[in-house]
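Report on the following structure.
We just call them A, B, C, D, E and F in the order they show up, numbering each chain from 1.
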């Protein structure tokens, strides 16, 4: 980017806060990365990428609070600047990127209604060719997203998490936060052979052995460190290949020192640098959507979990924007 | 109590922690007020009063976390001593008082199953003539309790809260935390004419006018201060009379300065001294059960909400024990 | 309000979040009281009352952080419901009330530029006959507001604070947070004889004796409790009379137990109930603007200061709306 | 005080931080109220009043941490200004008031050594006619202070606390934090008939009945509110009369909402305004020493307990200085 | 583990909370890992492994609070699941593992009495062939444990800590938290040649050179990173060999980012992943007891220190159980 | 150091707290590392190294609070011991090292006045041949320090930070916290060819390309991890060579997990171990001054940022002392 001023001029059109204000992280309503607030996304100017909050945490079984995730990630995202110095790109300026607000959660009491509302919203993104980058909410929000995005064609899936999330029905429902990838796979929205689980350290062997049977790959935390982060990224790229791919990050993939504010923390996770580097290693994949889930502000400390969540969501946004720009230039 | 040593000897039989240890608030597993842990309450020695945790917060509509209430109230209750200096009595020593553990919550996803499990547990208390003093959980746990305790005869009800909790169905259920007293009354478990709501400051006029129609009394926060706490207690006594009466305290009756850790805080509440004095003014009523709900530890600060909850639960315990002793001496 | 449904229907047009969503305090972008976001207030539909954030804290001399006030007050304001049960009114539904966002602070380094930007924005409110209800920021934001609102006619002023704020120049500026009322009075924007300072407990006798000389009234904290809150309200009404009046609340008027999150806390203040009751006692005055300042989230605990600030700002909004409705019905 | 500038000039000689700096609460090493640091109090210029830290908490039986009290009270005391607006006086300027640092605690393992070290230090204050105003530490530090100050003549004692502190030996020692006033009285350092306990709400009836037998007065929390704070102050004045008197404040006299950071919190206490007003009501007594104890920073929240402790210590300092000035003018 | 259901059935007999409840981390009294509460360990069914709390922190010289460790570790341990996915084993199901409660601390004032009480309790474990896995308390609790466990035969010792803990007498006692390994070695309860100190970064060269003289090994933090965690584990295995070995972990071995809640934090420590991997590398050793000490909840943030402590205690439990099972199958 | 007692004797003369007390981290006024308080540094005994607080944060553009840095770093520095076990040296004992207090900040409103006051103070250090080791304050304090120290000869500069700090004028000033190194270089106080920026991860490419043009070296975070910390240290040594060199550490170089309390946190930073090891790798350089800036206590959690800041400041002190001792032995 040779001309900073030119870039700043471009930026003015993407930001909710005026150009004089966007350097001030405390100023103005908090939108994701201070992007334009676009509640009119269906009726207003076309949108390429939607930043979406999904404030539902009914799928949690232990510590709740992820419903407060979107607000606090928005708040902390003001501390993330508009330019990615390691990827040397900005997700703003060239595409229409907007914060469309939160998915309307119809009920805090009924997982089925919640899942339907999410699916329906994301179907409308698909219909308008808008790529969604989402902030949860708990991990149960991912299944209805996969359902909408993977309906035409099963997606590859890069899943970064402390837990495998291949659990079965619990207390009468299979829509809880431990199910998105088993349901997504069984129902054909993700392709198990193009699915990889990274940083896992939960008691997965007690879960159904579905993952192995259908050909998913698991890189548990020991393997993660034995391989090193760059090799893990390479392995993930190999697994998902060129097809449409979804990335889902559970913030509890990070160690509790980096992400105390989450519902089911597991000691012994990766660092935030490793998570960023891993994502940078996924450049060039055909990413058609992504989410960052399980940030639970009531259990956070000093906002560091929301800040880490915001940063990883920003990295996801960069990957998504880059892919869209590339595919546009091809077509 | 003329003889401290005699009392301390009595006490030894009531405490989970040994006599040398019960002065140390940090020592031993946390039971309510360090009372004996009695998971064997149905099969072991008979119990007069059960201290019960009800860790369900599915009935909340805004900020959750009350599911963590019983544990933290237990933890802070170690700071509450075994003697009530203002009532000049101890709830321990003369009756069998035990911590029976938590009601088993069958599902975090289904309010109906939760309500059934609570009702069923409390029915077993009724069957064994055990008086329950409970710690929530959110206020939705009170309806099934009322159902079990008020089945034979509608109860009088002293309800101390920022909110009226006479709301109707919301998002498809009337089992949420705003309903216990309208449901309890409509279904005949509480007697509306013997029901009084104290310290109210929520937008109650928008709720159904059910309360007024059926003869409930509301002492809102302005009236509370205009009357003064002693007159409020007298008015409550007058309303409930001599019949069997239930006391339900929502910790959000206290101002957020005293109880930040709660789901729907309302600025401008009463102090903890006023709450204690109000309860002391209720001595001699025929209290057949009581609860303290809506302590939400994830939103607490320095444990003060749990500590205030523990203290108020202790005052409830004193009232309940005194009534049982009186009724025993009569019979 | 006889018809709750009718009211709820009205409400739908005032809220940023859709009607199904506005019961959920965690959902959607945080605007003040979930009012419509109206960054288009100058070009879009006319507005009666503007909710405004003024995120500047350069006027502070001790602990900063009030620049983060507007965001956190917005966030906590979702816990304040749309109806005032003690005044039995809602500020929404009948007037156009919107959150216009934050005043753009041109520089965090130059108090003069900040004051000019604030004054200029509020002049535009005056020009459009919009009543501003503001959230600071530190108390230095009040002087430029008074300058804009009091230009035509000096305003009466009800000032609730731990400090007199009649200090002189400090470190080369008289625009710091201890000056708004001496500057406002000296320059003719407020009428000292119609000015009252309430709840004061700072070392005011060392300040210039300007206040007494020009006929301001001070009700210090001892006098506040000697009179009682209702008499204080009556005295304030008597002093400001029927003329146009401004109310300015520094959150440090509350005791640090109620408002730890502020820049210059002073032990021994009033309770939040007393503050609400005082404001209720000011009904019927000709309030032409109001602010709530000095909430400093980095020093807060469990959000109680922001929550108290939001509640008091809501009370101010109710007073302002009631006055506007009354004056409209007269004219 | 007619001349602010004159006063400020006086002040320069009393403050550790230079005159330009003393308005900045964050600047410079934290001494109590930014008074001159006087570790040379025995060899340097004479001192009238010593501000002293006593960082020992070995006398605690439940939650420790009061050893950190002096540092945090010093830190927060920078937020307390040098002038008392309600008493209309400053403790600085006319007498030599200095922060002499902390009593050197010889061992964290041996209460007897600690008590001896404290007594020895305070004996040196007595020898030099220096009045000590102290910050604990836990309440066990008061006994050795009383021993040094009351050696010549038993002191009257105003004791403000949630607990009576008339307990006997526990775990082999009678030097723990529940003993100072029974030991002080039994050994003749305080005069029980001139001793009053205020705001008490612990299970005192289980303690030895020593207090009643020897003629001490107890104003428990109910009596406190029945009388009102001004009458309580009057009663305390009547009890201690004109003789030399010591004031000891346990911060847990305040409600946990005002003082969460303490070792044995008791719900239902007084407010910080009431504590200040009570102290103001004690003006004119012959106060020869005072302490503020049991601030436990690890359990505090947002520093409010340390801030309240600093403010009450400041009020004690004002009383002490006023008394010394009066006695000097007499002699 | 081929059959998850079979395992879950086994589990039911090991858990305090009923099978339906054990998935809910907030439900029921907190025991270590929700294991059965076994205060009847001496009179009830035989026990193989005792989970023990030792709530004494009198041995600390700086920041206290470790007395609250056992309760909070129990509380957070509910977030640790019953299966170790990296070791692919569960400590439950095959052996009788129970939480026996806390060692009764006879006095918070006398280190000698505390040490005697601990030693006596652990002697009773030895007599019953019960392996103890303990949670402190400060590090002073380890010496009496070593005394009981190493009486027959000196133990090998793997000591993971920021500090060497080979200090001499301080303030008149050699029972403080810096002494366990010098006393244990001098008195013959541990074998210095089979002792290794790992992750050390305190000013050890100032300590007595006892360690080197008697043949202990120190792997300081630089050496830890130069070798890598797997080589460190191998070196530790080599040093302790096949003999009976004790593992003692001071949580301050972790960096303060991972473990802020501790008494003497030292910046620049290891991560929690490294600590887990180090322990996994110790599989197959003859571990006869283990402890995790110095978790100080009052200085913690978001519970991460207690959670890390719980996880490391779980890893110790797995090692101990595996060793007992192996030795049983041999004998 | 063969003789611990001898060293401890030396130490007594360097510590503010008496020898019996310096083991107690909570005791006495907080000076940096408990060094002697030397406000008389210009008139008293000569000083070799000055520990200095610079409590100004007016240069911040986002989150303020660094003005509270010096006090909290002093407070936490009591947890850092007087001996560096990895460098095997103590900075105390051989040179006169004292805490001279804070630079007097003349105004919180005027960056120019602040910069002049800092420069003037440091010029006095230069004049007296005192080496300053400073704690900020925000990074804007470094420019005037460089101006004083680099006046005779441009300094080499090792700059460890998340941000390049080569920004231009913003909101009318080039004295804000993003400018120190561009101004220092342009004005000839640092030598760009002998300047290296380490751990950078801000959007530097948008900054002026000044750094590259004038020959500065940037080791961004990816390069940091690709090289490894020892190679980074070697590269830094190569760049600065033997000439006089300044080290400036912005605490946000650390990841927010290690340093949440800072004004512009950037996710994905280095660990505190890596920072210590990097500094150890800089031994033997000709360090003529150093600072540690941007610790912002209001945003900290559990004091870990202040503690990390204190530790890194201690490492800087060791480097500075070692260099002065070496240069003294040469001359």
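Side notes on the structure shown:
Quick note on the criterion: a contact is a pair of C-beta atoms (placed from the backbone, for glycine too) under 8 Å apart; a residue touches a chain by one contact, two chains touch by 3 or more.
None of these values were measured; they are calculated from a predicted model.
Shared contact partners of subunit A and subunit E are B, F. In terms of residue-numbered contacts, B-D and A-E present the same interface, as over half of their contact pairs agree; the other options in A-E, D-F or B-E do not. Interface of subunit D with subunit F: the two copies contact each other largely through the same residue positions, with over half of all numbers used appearing on both sides. A separation of 38 Å divides the Cα centre of subunit C from that of subunit D. With centres set at the average Cα position, the gap from subunit A to subunit D is 55 Å. For subunit C, residues touching at least two other chains, in rising order: 24, 26, 61, 63, 67-68, 106, 108, 255, 257, 271, 299, 301-302. If you draw each protein chain as a dot and join the dots that touch, the picture is not a line, a loop, a star, or fully joined; it has some other shape.
Of all possible chain pairs, the ones that touch are A-B, A-C, A-E, A-F, B-C, B-D, B-E, C-D, C-F, D-E, D-F, E-F. For subunit A in complex with subunit E, the touching residues are 61-63, 170, 200-208, 220-222, 225, 255-257, 260-261, 264-265, 267-271, 299-302.
The part of subunit D that touches subunit E in the complex is made up of residues 57-58, 60-61, 63-65, 67-68, 106-111, 113, 171-173, 176, 298-299.
Against subunit D, the residues of subunit B that register as touching in their complex are 1, 4, 7, 23-26, 79-86, 88, 255, 257-258, 271-273, 275-277, 301-304, 307-308, 310-312. Subunit A meets subunit C in the complex at residues 18, 20-21, 24, 26-31, 37, 53, 55, 67-68, 71, 74-75, 99, 101-102, 104-106, 108.
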